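The data blocks that follow each hold one structure.
In the two complexes below, subunit A is the common chain; its partner is subunit B in one and subunit C in the other.
After this line comes the complex of A and B, so read on.
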């Protein structure tokens, strides 16, 4: 890794979007163009996350540990889950029971889920010990936590949609927890059709959406820097501005 | 909450080349390869589901005992409460009674769903129709007397040829005729279709047959053999030696200890506890103490050891 090749990304100040607005030339400069929802959306998007910040070709030198691998590994495992899930959904829920190829892709799907949770948990622990919510990064932490929490029912709906003995047993056990909090009234784990819909459409949209928001927030705020040496030896007496998660 | 302005300073030190897209592509390749290797080595579990036909053939006494409990309203489903019926209030935690509040959304009258309606589909069997009519017309006390006596006799029942049941003679009223007909229907596979019947041609809701089977012992025996019972941390396991839903370990853990283990309201108590813990997990950045632990226990020194090694302390 060579050092010093790329300057720090520019801040996300509104002015950063000028280049994006400038691309539209005279149209954006007119009062009509400034009222345009499209222009405003573009300027807000580019202002919040200019291209060099969205896809930087450099990272601060402190981004130098194996723990950082687990974030991108989680993302990659999610891609394998979605890919194998798409193939399984193309052929329908019974395919994997009847064919070797189907069973192969179901196994890929299962192990990708196991890898996803494993890498995500390691990533979460790593980010906890970094106190990665510092510096106005609370939303980064919270979207990561939500991704983990949503992934759990996403996986559960997969287990109860398997149409085998596992599905029979897990659904008849899980129903008690759902019913006890009233969720069973609208989320019936013994209804295969409903669970299959949640598993292949609603939960994937939710998980992918939250993970996408998480990644964009990481890119917007950058990777959390290390604790300063002096700060570690003398924590502030009043409050903890470094650990405060107030969004920027 | 006050808005602190003294945030973590933006990094003004050196930057290093970092190819994010290349890193993602390599990670995707590695994860795909890992999934393929794990697939080749371990495949995935797919134990065939149990059917009511299998259950009634392999365990006719248990099937009929379960059916009798559905008939007289003493089965797990019959006494469940919402969302299936009004037989109980359901679980609660102090004043919180969401199970009762949400009401009966999937109504199941077990006697009708599992006995009367399936028996009506048996064509041209006058004896069964007469027996059902006799049972329905009898006083509640008499019906209870018949079903209790028959249930006791079933404990010593023997299995005859072709899966039929033999019980000692007794005062069972029309119950044996009804149950023998239901057993025959189940053993031919006809009961499954009955329980999936609705106003639609296509079916996808297995609530009725699953609850019926869960009231019996077949699923439980299979689950015990596969270490899937609640006391075996079963909610996070799956058949075979697979990792299952290991991420549910904390949720499952609470069921193993008191006061949850013996509580009739264990499910709602555990779900509420996990909801509180999940909120705490979500809101760590705002919770004093929890957010300070990484400062007190400096694991970050290991993570950023290269940085700290190369950056001199301001105090030095």
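After this line comes the complex of A and C, so read on.
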């Protein structure tokens, strides 16, 4: 896999002694200059997100509020969306239209989407009024905004993939909008196969990927503190770290 | 059960629309947006369960720590 990897203890390579070669051999090989990409990736990952930050055992006092619940509620809804969507995609349109269980999963999927957008919008309002981009959290804010923007066409492609009159109505209305912005040729909302591919593969990968980046960035920078706490912790006569983008 | 629910939420009609000057939106969307505003305000105003207890425990711990340092 990698040129500079630690040789096995039995290889008799320099640095791998006859007894207890593992640890000393690893130190020797990494100190010899060229390190493998796995080591560099691991060190970068652990440096950016040490385990106690990635999976903390507590949160600051100010997180004891209902307004901080909506982000994780959005995540929970996304998990239900992905789970129910997986089952719907495996079983197909005939199942979700013609069977009781299919109707049930169809409804679970729809209402999880409604809940997803509901909680995401309340989360967005809360973070907007907290100015959650303070303290070097600009990327946290931007990934959240991008997740919201990608979720909209993800939902649209779902509505036009229902395989019913509702989907036909929505797709013909959306066709005009897509044509008017010049996207109708390659993003054809009346083409079920194309929309279904976008809906069950490309948009889910994009949404889940951006949401994962968003959560990891939240873990890295921590939950944004209230204005009063940020002011109190600010060092005297040293500019404004909340507004100049300094890392937290 | 389904008959009762469908009697309350009769969907076999064109959607109701709220129309005021330039503003036009389906009633269901207006209801959802109003609900989001209500939930947002409640989330700010309502106390979080156990927050006061945890705050009291932290204050007590802070006091005992500072007493131990002295």
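The rule is short, and it goes like this: the second predicted complex is superposed on the first by the 197 of 248 C-alpha atoms of A that agree within 3 Å, B and C clash if a C-alpha of one lies under 4 Å from a C-alpha of the other, contacts with A are read in each partner's own complex, and residues count from 1 in each chain.
Just so it is clear, a residue touches a chain if its C-beta (ideal position, glycine included) is under 8 Å from a C-beta of that chain, and two chains touch if they have at least 3 such contacts.
Small disclaimer: the values here were computed from a predicted structure and weren't measured.
Contacts of A:121 after superposition on the shared chain: both subunit B and subunit C are touched.
Contact comparison for subunit A: of subunit B and subunit C, B touches the greater number of residues.
Residue contacts after overlaying the shared chain place A:182 against subunit B, while subunit C stays out of touching range.
Residue contacts after overlaying the shared chain place A:61 against subunit B and subunit C alike.
In the superposed model, A:149 makes contact with subunit B only, not with subunit C. In the superposed pair of complexes, A:172 makes contact with subunit B only, with no contact to subunit C. Applying the stated contact rule after C-alpha superposition, one finds that A:227 touches subunit B and leaves subunit C untouched.
Contacts of A:69 after superposition on the shared chain: both subunit B and subunit C are touched. Overlaid on A, the two complexes show subunit B and subunit C touching the same residues of subunit A, namely 61, 64-65, 67, 69, 114, 121, 126. The residues of subunit B lying in touch with subunit A in their complex are 1-21, 23-24, 27-28, 30-32, 34-36, 38-39, 42-50, 80, 82-83, 90-91, 98-99, 101-103, 105-106, 204-207, 210-211, 213-214, 219, 222-223, 226, 228, 230, 234-235, 238-239, 242-243, 245-248, 265, 267-268, 270-272, 278, 281-286, 288, 291-292, 294-295, 297-300, 303-308, 310-311, 313-315. Partner subunit A is touched in their complex by these residues of subunit C: 32, 35-36, 39-40, 42-44, 46, 48, 50-51, 54-55, 58.
Note for the complex: subunit A touches subunit B at residues 1-8, 11, 55-65, 67, 69, 72-73, 75-77, 79-80, 84, 96-97, 103-104, 106-108, 110-112, 114-115, 117, 121, 126, 128-131, 133-138, 141-142, 145-146, 149, 151-152, 155-156, 159, 162-174, 176-177, 179-182, 184-186, 188, 190-194, 196, 222, 224-230, 232-233, 235, 239-246, 248. Chain contact summary for the complex, subunit A toward subunit C: residues 61, 64-67, 69-70, 114, 118, 121-122, 125-126.
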